[in-house]
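Labels run A, B, C and D following the written order; every chain starts at residue 1.
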Amino acid sequence: MMRPGKCRTRRWSWIGALIAMVLVAEAWAPAISAAQTAQPIRIGLGMALTGGLAANGKPALMSMQIWAEDVNKKGGLLGRKVELVYYDDQTKPATVPGIYTKLLDVDKVDFVVSGYGTNLIAPAMPIVMERGLVFMGLFGLANNEKFKYHGYFQIMPAGPNPAVDWSQGFFEIAAKQTPKPTTVALVGADAEYPHNALAGAREQVKRFGLKIVYDSTYPPATVDYTPIARAIKATNPDIVFVASYPPDSVGMVLAAHEVGLTPKLFGGGMVGLQFAAFMTKLGPKLNGLVNYDFWVPEPTLKFPGIEEFLRKYQAKAKEAGVDPLGHYLPPWAYAYVQVLGQAIEATKSLDQKKVMEHIRTNTFDTIVGKVQFGPNGEWATSRVLQIQFQNVTGTDIEQFMKPGKRVVLYPAQWKSGALIYPYAKAKP
Amino acid sequence: MADPLLEVHNVTKRFGGFEALSNVSLEVREGERFGLIGPNGSGKTTLINCISGALRNDGGRILFRGTDVTEMPAYQRTRLGIARSFQIPKPFTSMTLLENLCIPLEYAAHARSGGDEAAGDAREILRLMGLESKAHITPAGLSQIEMRKLELARAMAAKPKLLISDEAMAGLSSAEVDDILAILFKLNEDGITIIMIEHIMRAVMRFSERIVVFDAGAKIAEGTPQAIAENKEVEKAYLGE
Amino acid sequence: MFSVDLLLNAIIAGILLGGFYAAVSLGISVAFGLLDVVNIAHPVFVILGSYAAYAMNTSLGLDPIVAGLLFTPVFFALGVAVYRIYYNSFEKKGEESLRGLVFFFGILFIVEVVLLLQYGVDYRLVEAAYIGESVHIGPVGIAFRLLVPCLVGMGLTLALYLFLSKTFYGRAIQAVAQDSLALRLMGANPIRIKTLAFGLAIATASLAGALLIMIGPVEPSMNREYIGRVFAIAVLGGLGNIGGTFVAALILGVVESLTSTFYGPSWALAVSFGVLLLTLAVRPAGLFGR
Amino acid sequence: MQRRVFLASMLAVVVLGALVTRVIQNQYYYFAAYVILQYVVLATAWNILGGYTGYVNFGSAAFFALGAYTSVVLIKAAAAPLVVLVVAGGLVSGLLGLGIGYLTLRLRGVFFAIATLALAVVLQTMFINWEYVGGARGIYIIRPKTVPFFTSYVEFLFAVMVVLAVVAVTVAWWIENSRVGRGLAAIRDNEEAAECMGVPTLKLKLVATTVSGVLMGVAGAPFPYYVTYVEPSSAFNLDYAVNSLAMPMIGGTTTWAGPVLGAVLLGTAQQVATVTISSALNLLIVGIILVAFVILAPEGIIGLVRRVTKGKRG
């Protein structure tokens, strides 16, 4: 209450609270370091278990836990059990510095790996760099471009030049068709990934000598995508490249279907169409769509261990209420700790420098195939797949567990089928 | 005759298409007890709002002590010496009565005189109003009559030359009306000019030296209480035809 | 790339979108406009409606609209309960403005988290035969996914309008907005009337939620995207004015649609909020204010 | 006397902050304390407008982000030192504050709150489309490797936040105990009556919105160095709007101590929750505490304490 004149209020000093806070914080530390005597190898991370990216974060964490179980069943690493120490970063970059310093300074973990996504990897980078730690990254797009840190290794197979390599396959496929498509529409959400993907696509357009007839972005909160689809249709492009997040991927597919937007090639960078929830809801409307992916159950991509992993994952997923297929992120979340584990085993050491050196110079056999990192910590060569949805019938989930529905078109090494061209021909 | 303290020249106020005041002129002399009456919606409160600065008039001029205040924001008019009470009391609810009075003392009275002993002055005014014992409670604990007194007390704390009392007695008992009247008489004796807006005829007639009658946004009569009481126009305005 | 076809389609799409916006905003218009209850948690109730429709759709294969209608009594009861707490804790004490606002902020979080714990963060969708299909009339294409919500929104607007203007309780609600004393003289208990009206406002969220999940995927924290938009519409339409709210919803829908067709979708949201800011600055009572 | 005690304790906080950096090596505490202190500044800033003046700002995130993005521009264009960033961030957000101050001419209560919400959306859209500061893609801000007098940059950021928090609290304290603060309280209680009692309401509201804006901008200015990667959705996160409103409500809105207490308690609770219970419960905590407080302790903790001590006396 305000009191004018002489009538002033009694005051307290709350500094006490501040001091107490610091003291309490200090008191935690010894308690936790005492727990270290059991001596498992501890791997720390922050993961999005709530917030916007949790739909991916939860399955990712589950996959890492499957890895830890697998390893421990075989006796652990260097004869020691493996333990994951994780905190929920709430999909908020601002929580990340606190989480990683807590992991390192208070929990004193042996290794840290990243959470899921570019935004949540970036804030941890300065911390691991200051300390010279190995840092495995999970699906960050070009995180190391500015930092140029030699201890960072990113598992998503985007390739040495992530933003540009991302759409390489899509445009290469386009270029091979006759008559050669000439006009392109680029559209995507106003967010980090779509903007990067669109920037890469613009370079591809230049490289292949195409012409951009539409280039626009929309806010993630857009409700109705039909005006966008219609505006694109009005420019009559041969190719429509879409870089979108799950809700707008669905919006764009439906809107394109409704307004009759039928370019010769449609898709490219749509996140979300890899998940069971959307594939089963959109069903046959997906037919003909060409989109990026990292792993699909095609015969060309049967790497050792992947089926066993998916079996374990799918059994757990039902209970946890996460993506029941687990084709998109989970194998990679398994693989990035798998690489770390193999490096520890190979060097017989927990020394950051040694492990780092080993990861940089060796190839790893993982459930997602052979992994080799290039100088910037990205995959030495890109393995972004382009797949086409073909012969999707109805909306049952079983069909997506089998080959033939998502046919790999690119890269040639993994190709499992032929493109149905133009887009409209694949429609029922 | 004393100098005019307040001059209202041809004031007009419109709300959208509705003309709430049309071409109103009047004068209030220094030291006068001035009554303003009229049926509901006749524009009395609108005029008060224009004089105090809560509303800007669309046409005409308002002069206070010879200064044109037409374009002046309300708080500056208060500093010049126009203070008002509100028809529906608007106390500062989070503050004690003493603090309520400190606001105008600090912001209006002392902004003028440069004094700074707000609390002492506030106590003095509360004593005058008979609210002394409630100095340290918030307005939530006041009865209706006390609330009206606080409303007047706060206006007085602005140390006005002109006090506008907007229906300070509505809903009060006859004894309470006399109570408020006594206070207003006392203030007038101390040299404060008072404009009283009131529905209680007994009170206006007893208090005012001169009365202006409003109807439908225009002045229809002006004169002594005696003259007004006998005016046919006024009777028509109040009783209809 | 301007063409008459495109313009026509953009306007139609905007109107369709607007009809849906109306359904989402009506509850705010009643709660905020007529009752002076700043229910910023309204959009989270809409999301709750979406999940109710989702649950019915996946388990029983119910049409989302039917599910939405079925759940209106439940939502009505929920609204009554929330208003009871609100009234007893704030309105009765005359402290509603600031603290009431914060109260609803808290409710927003609680509902959001409960949904999160129950359904996780995955986007959810419903199935219905007409989703993804469209009808073409000359150059104009109309998606059922948007046509149905628009029609339901129109129906809801009409129903609410008739209820408020033709029935005793409706008129009592209108009266409570203006003068609860007069209402008491009419022999009605203003608190009962307000409780009824608030229950009704939340009941509309059940249906609006069903429409939302029909248009696109839904996840719990999505409600936040709508807070600004629904208030913009309610304010623009003139508080408590049902017809005005509908027109304002259409205007916002058309503005967004035109912006995203011709200028670039990136600015659609900002333009509609720009319209709101401008309206507030120039005419705070809204376009159709009393 | 009161003044001397207050200023001395503020000075003591700064000295303590400096001492802490000599004693504690564990970086986690700096990051955690930084976040809490940042909320002390934000909550205090919000309270100057919301608590003292009665105008609810839903757009705190916009002011915070504007401070952060001012830093981004200056780092990118001129590699300006942190002191310059803080001053500039404060200035730019202060200007925005002055702007919304003029909005209060026509908009009161809920309308003002909604306008601030709309403002945040418009501003966020602008930054999404402004490629120079990274647009929607975001931008990396590399922390300087070393700073004089501090063993790490994080310690330095922490120290800066200590100073900013002290400055913010001192400003709030000064306003509260000055004529300005009493005028603001009159505006909050009844704006019309305040104006008629000689309070220059517009002028005071402009002071409140500007000071509040400056402090929020100041809180956001070091953010790019804290998080190293700035993109609109994290800089404009609704969290900042919610917390800067919830913290004063929990602590108590009528005194400077309320927001400080609220920020320390809720901020610490959130920090602890982040590293203990890994689930949606964190959000639930904020919601339940908030609802419980507005229903059961509408005057916040400070009010509760007052009620208890009063009860004992009388």
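The rule is short, and it goes like this: a contact is a pair of C-beta atoms (placed from the backbone, for glycine too) under 8 Å apart; a residue touches a chain by one contact, two chains touch by 3 or more.
Computed from a prediction, not measured in an experiment: that's the story for all the values here.
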{"item": "Longest centre-to-centre distance from chain B, chain (CA-based)", "value": "A"}
{"item": "Interface with more contacting C-beta pairs, comparing A-C to B-D", "value": "A-C"}
{"item": "Centre distance in Å when chain A and chain B are each reduced to the mean of their C-alpha atoms", "value": "71"}
{"item": "Distance from chain C to chain A - Cα centre to Cα centre, in angstrom", "value": "35"}
{"item": "Centre-of-Cα separation between chain C and chain B, whole angstrom", "value": "46"}
{"item": "Contacts with 2+ other chains: residues of chain D", "value": "125, 128-129, 179, 182, 185, 254, 279-280, 283"}
{"item": "Interface hub residues of chain A, defined as touching at least two other chains", "value": "1-2, 4, 50, 190, 217, 219"}
{"item": "Residues of chain B touching at least two other chains", "value": "94-95, 99, 102-103, 106"}
{"item": "Of all residues in chain C, those that touch chain A in their complex", "value": "1, 3, 5-6, 9-10, 13-14, 16-17, 20, 116, 119-125, 127, 131-134, 136, 141, 143, 145-146, 215-217, 219, 221-222, 225, 253, 256-258, 260-262, 264-266, 268-269"}
{"item": "Footprint of chain C on chain A - complex, ascending", "value": "50-52, 54-55, 58, 190, 214, 216-219, 221-224, 226-228, 230-231, 234-235, 246-247, 250-251, 254-255, 257-260, 272, 275, 277-278, 281-282, 285, 321-323, 395"}
{"item": "Contact set on chain D toward chain B in their complex", "value": "179, 182-183, 185-186, 188-190, 192-202, 254"}
{"item": "Partner chain D, residues of chain C touching it in the complex", "value": "32, 38, 85, 89-90, 93, 95, 97-103, 105-110, 112-114, 116-117, 224, 227-228, 231-232, 235, 266-267, 269-270, 273-274, 276-277, 280-281, 284"}
{"item": "Residue numbers on chain A that touch chain D, as the complex places them", "value": "1-2, 4, 8-9, 11-15, 17-19, 21-22, 25-26, 29, 49-50, 86-90, 92-99, 101-102, 104-106, 118-119, 122-123, 125-127, 130, 145-147, 189-192, 194-196, 199, 217, 219"}
